[in-house]
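There are structures below to look over.
Shared between the two complexes below is subunit A, which pairs with subunit B and subunit C, respectively.
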Partner chain A sequence: MSTDLKDRSRIWFVLPAMLVVLALLIYPVLSSIYFSFTSRHLLRAAYDLVGLRNFVFVLSSADFWDAFANSIKWTVGSVAGQLAVGLLAALALEKVPRFSGLYRILLIIPWAFPAIVIAFAWRWIFNDVYGFLPNLLTALGISEGNISFLANPAFVFATVVGINIWFGAPLFIINILAALKTVPRDQYEAALIDGASVGQRFRYITVPHIKRVVGLLLILRTIWVFNNFELLFLITGGGPAGLTTTLPIFAYRTGWGLRQLGAASAITVLLLAFLLAGAALAFRMINRWERSVAR
Partner chain B sequence: MNGARAFLRAFALPYAFLSVLAVIAAFPLFWIVVSSLKSAPELASDPLAFWPRTPTLEHYRHVLFDLGAIVNLGNSLIISTSTTVLTILVSAPAAYGIVRFYPRVGQRLTQILISTYMVPPILLAVPYAIIMITLGLSNTYVGLVLAYLSFSIPYAVWMLTAFYQTVPVEIEEAAYVDGAGRLRTFISVASPIVLPGIVATAIYTFINAFNEFLFALLFINSSSKMPIAVALYSLGGSEVLDWGAMMAASVVVVVPSIVFFLFIQKYIAAGLAEGSVK
Partner chain C sequence: MSRVTIRGARKSYGEVEIIHGVDIDIADGEFVVLVGPSGCGKSTLLRMIAGLESVTAGTIAIGERIVNDLPPMQRDIAMVFQSYALYPHMTVAENMGFALRLRRTDAKVIDQRVRAAAEILSLTPYLGRYPRELSGGQRQRVAMGRAIVRDPQVFLFDEPLSNLDAKLRVQMRAEIKELHQRLKTTIVFVTHDQVEAMTMADKIVVLHDGVVEQIGAPLELYDRPRNLFVATFIGSPGMNLIRARARADGTVEAGGVRLATAGGHAVAEGEPVVWGIRPEHLDLADAGGLPATVAVVEPTGSETQVLLRFGASDIVAVFRDRHDFRPGQGVHLRPRPEHAHLFDAASGLRL
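The block that comes next holds the complex of A and B.
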């Protein structure tokens, strides 16, 4: 067998995966962009090119901007909370001499919850008639009568963000913990001898070693939360009164509720464009970090 | 005495913090289990009871057999297993190929993964819906499995690349000298070494497919073919909610998922921390 033939066999290893990405990701993205310029309806085969009409319709709708604002609030609140809890918990786990394995197991539990069970569990805990938490607060005299956390406009957003922090913190905990293990012990010891404070040790030794992982986590989670449909759809359905309707839910309503696939495509294309712009910015930041770490 | 105080100062705060967090993290699991074992009257009469007075498995029987959740669990099993097998068959050679033959792609792999990750599932749903109607794939397992490959394969390739990178090239060279071809080397030399990683990736793929909701909601509409996540959703949408049944179904779905997760968590963390590709 000639080496030439062997060389060509390399491509067969990666070709199927490339085809999948092409057929299931690249082609659909292009086709969504195309549909965003058409009057495609969910149930009718015939449609026309309508130019920018969908974009004009979407961008001039107050509902779109409300959903956009909700998406930003939901993403920033959730990811910031997940990072804060994740970082503090990982640092605490590193510090404790015993039971860290047990704590890890308990802390990781939410990660394994499917969206539907997250929704059922928390809707049940927050249920304003039979729920554990509202009844507990009433019994303790903290609230007069049961609070309906998921229906009351004053509480609903903080509640869903709290649920998302509960769900997403474990990913940060486990990954930051793994990154903390890569920090060389002797650097801490040397810093201690030099009389560095806790804050200085964190800033000059810990942070450089976990920066890259934290940056990656922030990017991945931000994308995930921003694109996530099912958590809010299953917990609140986007309500009350649209207060928790994010862009994916808005796109779903437009495409499958109103059956306007063309307009729905315009929303999802805008969603992707926004993410791409954000990611380009984030990557420039990460590259700068990497160069600064590269010694 | 002095030692005890120093101990307290150093560790009390982390322990207190972790304990509070652990209670919050684990409480929903505890609560759905307890609630699933309470009888319907007790669920309504005593919302704060930490343990059922007369534990009953009635909700489990009702949801699994009367409401047919066992059929939906079977559907989920078929769909998730097919997704997992196809994903590994496509992703393992790809990951190996990237590590051995296309290292420059490997250097950019994290960026590539993030780019695929950025495509909103709801964006894909529109063309998928149209293609499925055209090809007659709506309401079929095949259609749903294909849709799942869109997110499972990029992630699996990314995870597996990190594992294949740990295989020393010298071992493979020895196999080449013995006359093994590329495929043989991949299958019988490199892959057995990274088998734990392949298993972890497979489990992760399986859980994600098992838990997926949006595509299943949009592309499967007959209850006999519905995976469990969507079947449960319709349970939660009725006028009078049967919380006992909902809790029992939740336990059935979440417990296997937690067990699997505990197995694979260290592998998932390893990928990001070692920076699979830098």
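The block that comes next holds the complex of A and C.
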């Protein structure tokens, strides 16, 4: 009897959190899915169910596919760059036993700033009139006249990807560093005696020990970067000429610029479906690793 | 198979020297145990032989070759680690064949040698398993298998039995000894457990604070310890030591009791000495000898260990016969003089 009472009282403890999750997460997702099947306009109250018309409209639009391609470029470039920089820096920092507390704090600082601060700082650095970097390159004679990194179609994508690598690499560094610390020293020593070269020790000892952490990081970062809106939007606004318009920016433009909330919802639903499918595949791969790796 | 020659080996970390010039000769095919309390430098010395630690001064030779500056892989040694250091993401067979695979040995040859080693170690049914699916003893055997497959000049063992439970430890002790008798490869084995050292070694090296205290066959160390450290470290329970003063007649005197040694001594009368006797070399007597009081009785079944007090000294005696001792009871112990030891009180050296 008393356990019954306890069982029921538990619900009351969980309920507030459940309601918050429901209101903040489940409801917007469900409403987006619902609106994607309607002709909802941002400013008009009346709308109809239109079946798959929004999806047909979106999928047959060249702008959508441009934005999709930009998203892939943005995500693959950023995440691959973050992994490469993060892995190399972690392997290097692992050899530095001193000041580890200090550099870990320094590395995490970018994450403490709001996106708006970071975006404007970089816009300032890259500004083609006052910007520190274009002027430096000119002064050093590397470029003739100041390069307009964020307006020049030849540079803009590499520039924003570079900023995103700067922003995301520390997360890789810190997590990979932590994973490297768990690799038992004597396995490296055993491999040394077995005659493994530096590359072979990395491949046969280091990689198997850190690949789960790296895999999880890749999934999380891919989702975050793919969905990233504010950093890119605040730096370039999707321009110049739509060159940096990714799917979230495209959805925002469609919903709040063109006020086509139904079509915008369809874009976000497609985004969600794409990411869910990707994440499911990735998690299956990681689960396979888990089964084949110790512990 | 090869001999290992260590000459004047020193090891410093910055200002701190932890190995102070060690000379050891290890013959071809010999089973040598480095033993000492923790921090004595035995593991460091082993790692210097392996090439995992640099040699600050002196030389280490494997066979005829001085290996000071050779990387571990070129020293032709195999090492078994305390934690086994198995590669967790490789199967038993892959673990054992890893070194050969790195040398691009033919897959057939690897398979053959892995199977042969697995046969020796009764690991054949486990070749497809991962280390996490094995018991401690099996992992230990895989670690040895990894060493055997390479057919090295020297096997190095770094406290390989410390992570096993007591019963398994005794079993693996015998297995390693049997393996050595079969393969006849030179073995250098590090342990802090003097029982392991006594039971397995052809030759024991007792290390203490980075200095070799004594090198010799197990029973030689037991019967004729060179100094007080070896006397107390080798043997369990350790040797009973009693502070005494030399007498002119070749005996010594402690607490009003005269204690004899087999050959007498030439120490000046009144000089301080330490007289020692092992627990099993004390017999019960009706009167005379060492008068002592029983403090604790520990029967093990095969023998009875008795802790006694003689003045301020603790004395342990071991009897194979069963006696009915009670705490507080007064007894007389008669030492066998032919087994008594005498050490200089100041230097601790055997007299």
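By our rule, the second predicted complex is superposed on the first by the 268 of 295 C-alpha atoms of A that agree within 3 Å, B and C clash if a C-alpha of one lies under 4 Å from a C-alpha of the other, contacts with A are read in each partner's own complex, and residues count from 1 in each chain.
Keep this in mind: a residue touches a chain if its C-beta (ideal position, glycine included) is under 8 Å from a C-beta of that chain, and two chains touch if they have at least 3 such contacts.
Please read these numbers as outputs of a predicted model, since none were measured by experiment.
With the two structures aligned on subunit A, subunit B fits next to subunit C without clashing. Within the superposed three-chain model, A:89 lies in touch with subunit B and out of touch with subunit C [touch as defined at top]. Once chain A of one complex is fitted onto chain A of the other, the partner contacts of A:186 are limited to subunit C, with no touch recorded for subunit B. With both structures placed on the common chain, the touch criterion links A:255 to subunit B but leaves subunit C unconnected. Touch criterion not met for A:172: it reaches neither subunit B nor subunit C.
Using the contact criterion defined above for the overlaid structures, shared-chain residue A:37 touches neither subunit B nor subunit C, since it reaches no partner. Look at A:200: by the touch rule set out above, it reaches subunit C but stays clear of subunit B.
If you count the residues of subunit A touched by subunit B and by subunit C, you find the higher number for B.
With subunit A as vertex, the superposed Cα centres of subunit B and subunit C define an angle of 80 degrees, given in steps of 10.
Within the superposed three-chain model, A:74 lies out of touch with both subunit B and subunit C [touch as defined at top].
Minimum Cα-Cα distance between subunit B and subunit C in the superposed model: 12 Å. On subunit A, the surface touched by subunit B in one complex and the surface touched by subunit C in the other have no residue in common. Across the interface of their complex, subunit B is touched by residues 1, 6, 9-10, 12-14, 16-18, 20-21, 24-25, 27-29, 31-32, 35, 40, 42, 85, 88-89, 91-93, 95-97, 103, 105-125, 127, 130-132, 135-136, 139, 166, 169-170, 174-175, 177-179, 181-182, 212-213, 216-217, 219-220, 223-224, 227, 229-230, 234, 248, 251-252, 255-256, 261, 264-265, 268-269, 271-272, 275-276, 279, 283 of subunit A. Taken in their complex, subunit B has these residues touching subunit A: 10-11, 13-15, 17-18, 21-22, 24-29, 31-32, 35, 43-44, 47-48, 90-91, 93-94, 96-98, 100-102, 105, 110-111, 114-131, 146-147, 149-150, 153-154, 157, 181-183, 186, 207, 210-211, 213-214, 218, 229, 232-233, 236, 243, 246-247, 249-250, 253-254, 257-258, 260-262, 265-266, 268-270, 272-273, 275.
The residues of subunit A lying in touch with subunit C in their complex are 184, 186-187, 189-196, 200, 204-205, 208, 292-295.
Within the complex formed with subunit A, the residues of subunit C that make contact are 50-52, 71-73, 77-79, 81-83, 85, 87-90, 98-99, 102-103, 130-132, 146, 150.
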